[in-house]
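So, here's a batch of structures to check.
Next come two complexes built around chain A: one with chain B, the other with chain C.
Entry: the complex of A and B
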């Protein structure tokens, strides 16, 4: 029940697409000052809404640090929460009375009474499938596996399921049976409802899978306990992190990932800035620009180093007809401001992408969004011993896999952006394929039907969906890292997996 | 530039000539006959939502990624595809009425919600205010408004958005 918005609050109260269902008001503390937020908000979001931009200072040069990725992938929003330093405030929900303190450089190591006591341990043995990540890929994988009777444990870092779907307000492309036509957050609702209705799926929120151990144990750090999990199969769908660009001032609060801004405005209903410059004209940059207009911000322009707009034309046309300017053949030169962005300088580039001196333009703004692509989050997979390789078309290091999405670690499957950057629709298809692969391998009751469905999905994915010219680059990347079963066996001989699942 | 990138990728704006070249424009005589949908969707994206949305079964796509092909004789210009297209890329143009006005139907996802009788800014594909027009019809589905505005006939192929002033 929204009350009267406090003065200068950054919350959005009217939106053409979203209705923000705010929880009850709660009070917490930031450096001893009372901050009001709404139940269901993260600490970072509530602080940002109250116009606190700086949460900590860097250890070395004391530079201001604030919100950047907003999904627990970077360290920009660290603060001390109830005595625990280095807390990612973006994935920590606010609670009545919680004490948040500014973190000045490196923090003191917390004592056992500083909030770390009471960490129980729970051993989870006998679960069929451990799904790491509760976004579109992970949820689709969990549903596919559970439908065929396998028991599933989902571990999810955020305190909500749905991954990046929950901040997508545009309608999805695709076909009806792939949720095409629904808005991203509506797809998230459908997937979550499905998962919650399945009795053989257990969900751990605010839980991080932190490592693979000898004999197939997986360590999971939960909010108040540690879990030792011994699954038959693992499906890793940890997603991706936003890339950054190097330029002076790129660490100023107000320089934010495009996805971070989406989290603020579409998940929490908090306007990330009033006047915005977006760097990168791919789908993400163009979509976030459209969403900023919907939320009531002014988009001062989109900077694109290439001579053409990267986004699919229909997305680009949407922002052009509301007058958003795209500065093609331009790059960002620097951002200025004191503890918060006050403006940016962009510069034209020549055909070798070198800045042309004298072609600078100053753009006053209070938010600079970085939308220059994502990089797969494959650290955990590499730690497990899965052989990874660098594929520029897929955004960075990705595991080598079979068409059934099994990595070089037997019984460890991948799906979604961690398998190489595409988008949510393919993430859900890959998730289902990975889930079905576990079903087939487990020899579940109707494994035959699962295998048939898997072949149909593979055919659709490779021969129809990825046949579109707009996804040609990602397809080329995925082709590079998809190997035959025989080839995978050879890879396993030369890179013996340190751990094995699926036996 | 050079490498075969079509001009609309440089500007984010597609021309009527380009739409004609891609076979996305209805023929003149069809335009003169009554309202008809125009899909400004040139890229073979993997999507076929318009096909399943059309109550007249007038739209087809080869597989999931061909260009939308509208059977101009079956299309009645109802605007359902305008509401359903995830790319907000379909418009309905009616050039059949006698007199100086045409009717353009556009998708709209901004506040304030448009109402019949509102006089709104008419926006070109590059966001220029090219005139004012009256809203003659407005309906909404899943938060996308489908808005029909009266525009001078010469702007029928230019107006692709509206802005409702607060």
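Entry: the complex of A and C
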């Protein structure tokens, strides 16, 4: 708005490569105090920008809680919003006048008495494909299915589509049809525009698929009403959650997932801290360090338990140019501070990864980022009855699937990080394969073309894209859980699926 | 796992564990408990935590009075130190129709005559007991101050710790496929894989699996496994203590706040017996919660954390089957509680221990609950089955 000075707080106004598009100014309340933010920000982001670190205290020990994952996968950012306690403020957009209150331990029963019952449950029958998750995998799946004439319903927990693409500011590798040369948030825009232009795709934002039920019903809880959905096929692409580490003080505000910091910094243009210690030197740890440096923060060091940096050479070279100290053979011992990180102690480890007493180093900082990987969010799939198995190469429990990405629940497909952690390009390829699988199984008019395209994608994915040695580990993991159709039938006999789709 | 044992108990729910505990108190040392799943995986772990004596049959009232005495005694003793508790916070029955309010008066008189001090309460007392309740439309209410609640996993892990500490062996994930007999006497069991475990006394406390087990020796146990549904919400500060029953809504919805703060809710919805436990239904949650919002409008803004299905292992007269099986010496049953097995756990333990060791329980009413009552046509009548 011309003439209105920008808000002076943790927001970033000068950045070497990014410009942040901000909406109009919005005023809301935190404990009765006026807070200003910009339309399009989440409550958690706007509070963080205004330097509120603590949103609640934990139920039993009264410990401070604030922003951690920033994408709705944890409960750290709970606060009372318009009288409703336990609201995940990171997936709740700011609105003019919304009243946010600090939550002191277990909340009193809600003062608000409106809510879901206000509107009748909407029954959605006859939709061809229900897509759970509007990130790269879900959007690619929706587009593939809708292109071939299937009707699609996308449910997305966040109030924005795009998933984690919106915080990816690096340029994608690869050819043009894999969005090579575009930055992640631009890819998200393209996918969203495509989906919004398709008349047979309906999108529900701030909507949670909460369970699978008898006779093939799927429950969806929207912002102001419940939906009862009976789809022919389901494609689940719910993504992943950040892993955490166990150390004293790991719950202190200012200890954050690396992805949480990226959301603040790259999506909302909010500097997550001034002096930062990063734990983990894999690609994410190193990339987030580089992005922090670009955004104007000081990176005090990167802690790595292994004797070498885990990131690819291209990424590691960037932080080397900045002279960031990498503490290899080190781990984090503890974090201290009162209601906000004031510093961390790191310690050297021996060849058995055991801390060496007396080798501690104190590092004053106000932000500790945990970049130790992701774990697939497969709780909903397990509830549906899909057989899951533990695969360390893929980050944890993942569903067993056929090469067409169908789980042991017939007609329930998976794609993206929930199928095993890789990255956005793979997620989009898997999404398209899953979408095409629904098309083939639905017997749509041009199912033949869809099948051909699907084979080409599979060939590319397995023989070219995953041929690179840098993704060998993930490929090995995916090979472990990909079974033949015959084997899947045997699995279904010994683990009868409680629900079935695809008929 | 031992190959020969004095007493073999099938089922590591509250019944099996309480029986082992009571046997040990009477000096039995050699006990093996087998469960086909995990500890408390059946109806114990799936129950909604309520405990009461306010029933409408003499058998239930007498047994539950004894059971509540034991709950209190156990909570005050070594089991209490191991985590078992009994929170005697009562049951509140709420009527919205005048006829029901009148029925409450009759029911209270019946309870009083059986020694349960259920009483009619006014609106003021109701508001005092359940402060966040909207009482518009309430025609009458009844309070049972003897009733209460207890968290099943705290209870069974307390029992488990003590019975294992005294030498009982508890083995999970072992399915008993057959009860073995020879010339009218029990000799042991066969487990999956064909292994045989010898035992001169076998107790079937296997909940929904009891019928199949007894069928393996030709004994017919007339039970149906009827799916019942329950849910729990995210936790809140304590809002009210008693369990509240919405008597005039069909299916009798109830709500009770757990120790951790979550609200348990349930309602009887019509179900076919024997549907699998993974058979959750999408209409259950609105069906259970919506009627309760007339009393508790704030429930609309509370999230459900979990919803699950458990079995009411139901007999034709809604009373348990206890004691020896006439046709097979050494074979005992403790099953078919029709929704009340958790609350009856402590007294179940005592009764079965007495039957096994003394051939007779100390409570005469229990003797009417043996399996042969179905042959004799001596069924027992129970009117107030809740949620």
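We take it that the second predicted complex is superposed on the first by the 487 of 503 C-alpha atoms of A that agree within 3 Å, B and C clash if a C-alpha of one lies under 4 Å from a C-alpha of the other, contacts with A are read in each partner's own complex, and residues count from 1 in each chain.
Assume contacts are C-beta pairs under 8 Å (C-beta built on N, C-alpha and C of every residue); 3 or more make two chains touch, one makes a residue touch a chain.
Just so it is clear, the model here is predicted, and its values are computed rather than measured.
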(request) Check whether A:109 is in contact with chain B, with chain C, with both or with neither, and answer first, second, both or neither. (result) second
(message) With both complexes overlaid on chain A, does A:471 touch chain B (first), chain C (second), both or neither?
(response) first
(request) Based on the superposed arrangement, let me know which partner A:126 touches: chain B (first), chain C (second), both, or neither? (result) neither
(request) Please work out whether A:443 is in contact with chain B alone, chain C alone, both, or neither, and reply first, second, both or neither. (result) neither
(request) Could you let me know whether more residues of chain A are touched by chain B or by chain C? (result) B
(message) I'd like to know which partner A:59 touches here: chain B for first, chain C for second, both or neither.
(response) second
(message) Looking at A:314, would you say it contacts chain B, chain C, both, or neither? Reply first, second, both or neither.
(response) first
(message) Contacts for A:83 in the overlay, against chain B (first) and chain C (second): which applies, first, second, both or neither?
(response) second
(message) Quick check on the superposed pair: does A:32 touch chain B, chain C, both, or neither? Answer first, second, both or neither.
(response) neither
(message) Taking the stated contact definition, name every residue in chain A that is touched by chain B in one complex and by chain C in the other, in rising order.
(response) none
(request) Mind listing the chain A positions that touch chain B in their complex? (result) 14-17, 170-176, 180-183, 293-294, 296, 307-309, 312-324, 326, 328, 425, 460, 464-471
(request) Give every residue of chain A touching chain C within the complex, in rising order. (result) 59, 83-86, 105-118, 121, 210-214, 217, 219, 226, 228, 385, 498
(request) Provide the residue numbers of chain B that touch chain A in the complex, in ascending order. (result) 1, 5, 8-14, 40-49, 52-53, 63-65, 84, 86-89, 109-111, 113, 123-128, 142-144, 160-161, 163
(request) Over in the complex, which chain C residues touch chain A? Could you list them? (result) 132, 234-237, 239, 261, 276, 278-282, 285-286, 290, 293, 297-298, 300-304, 307
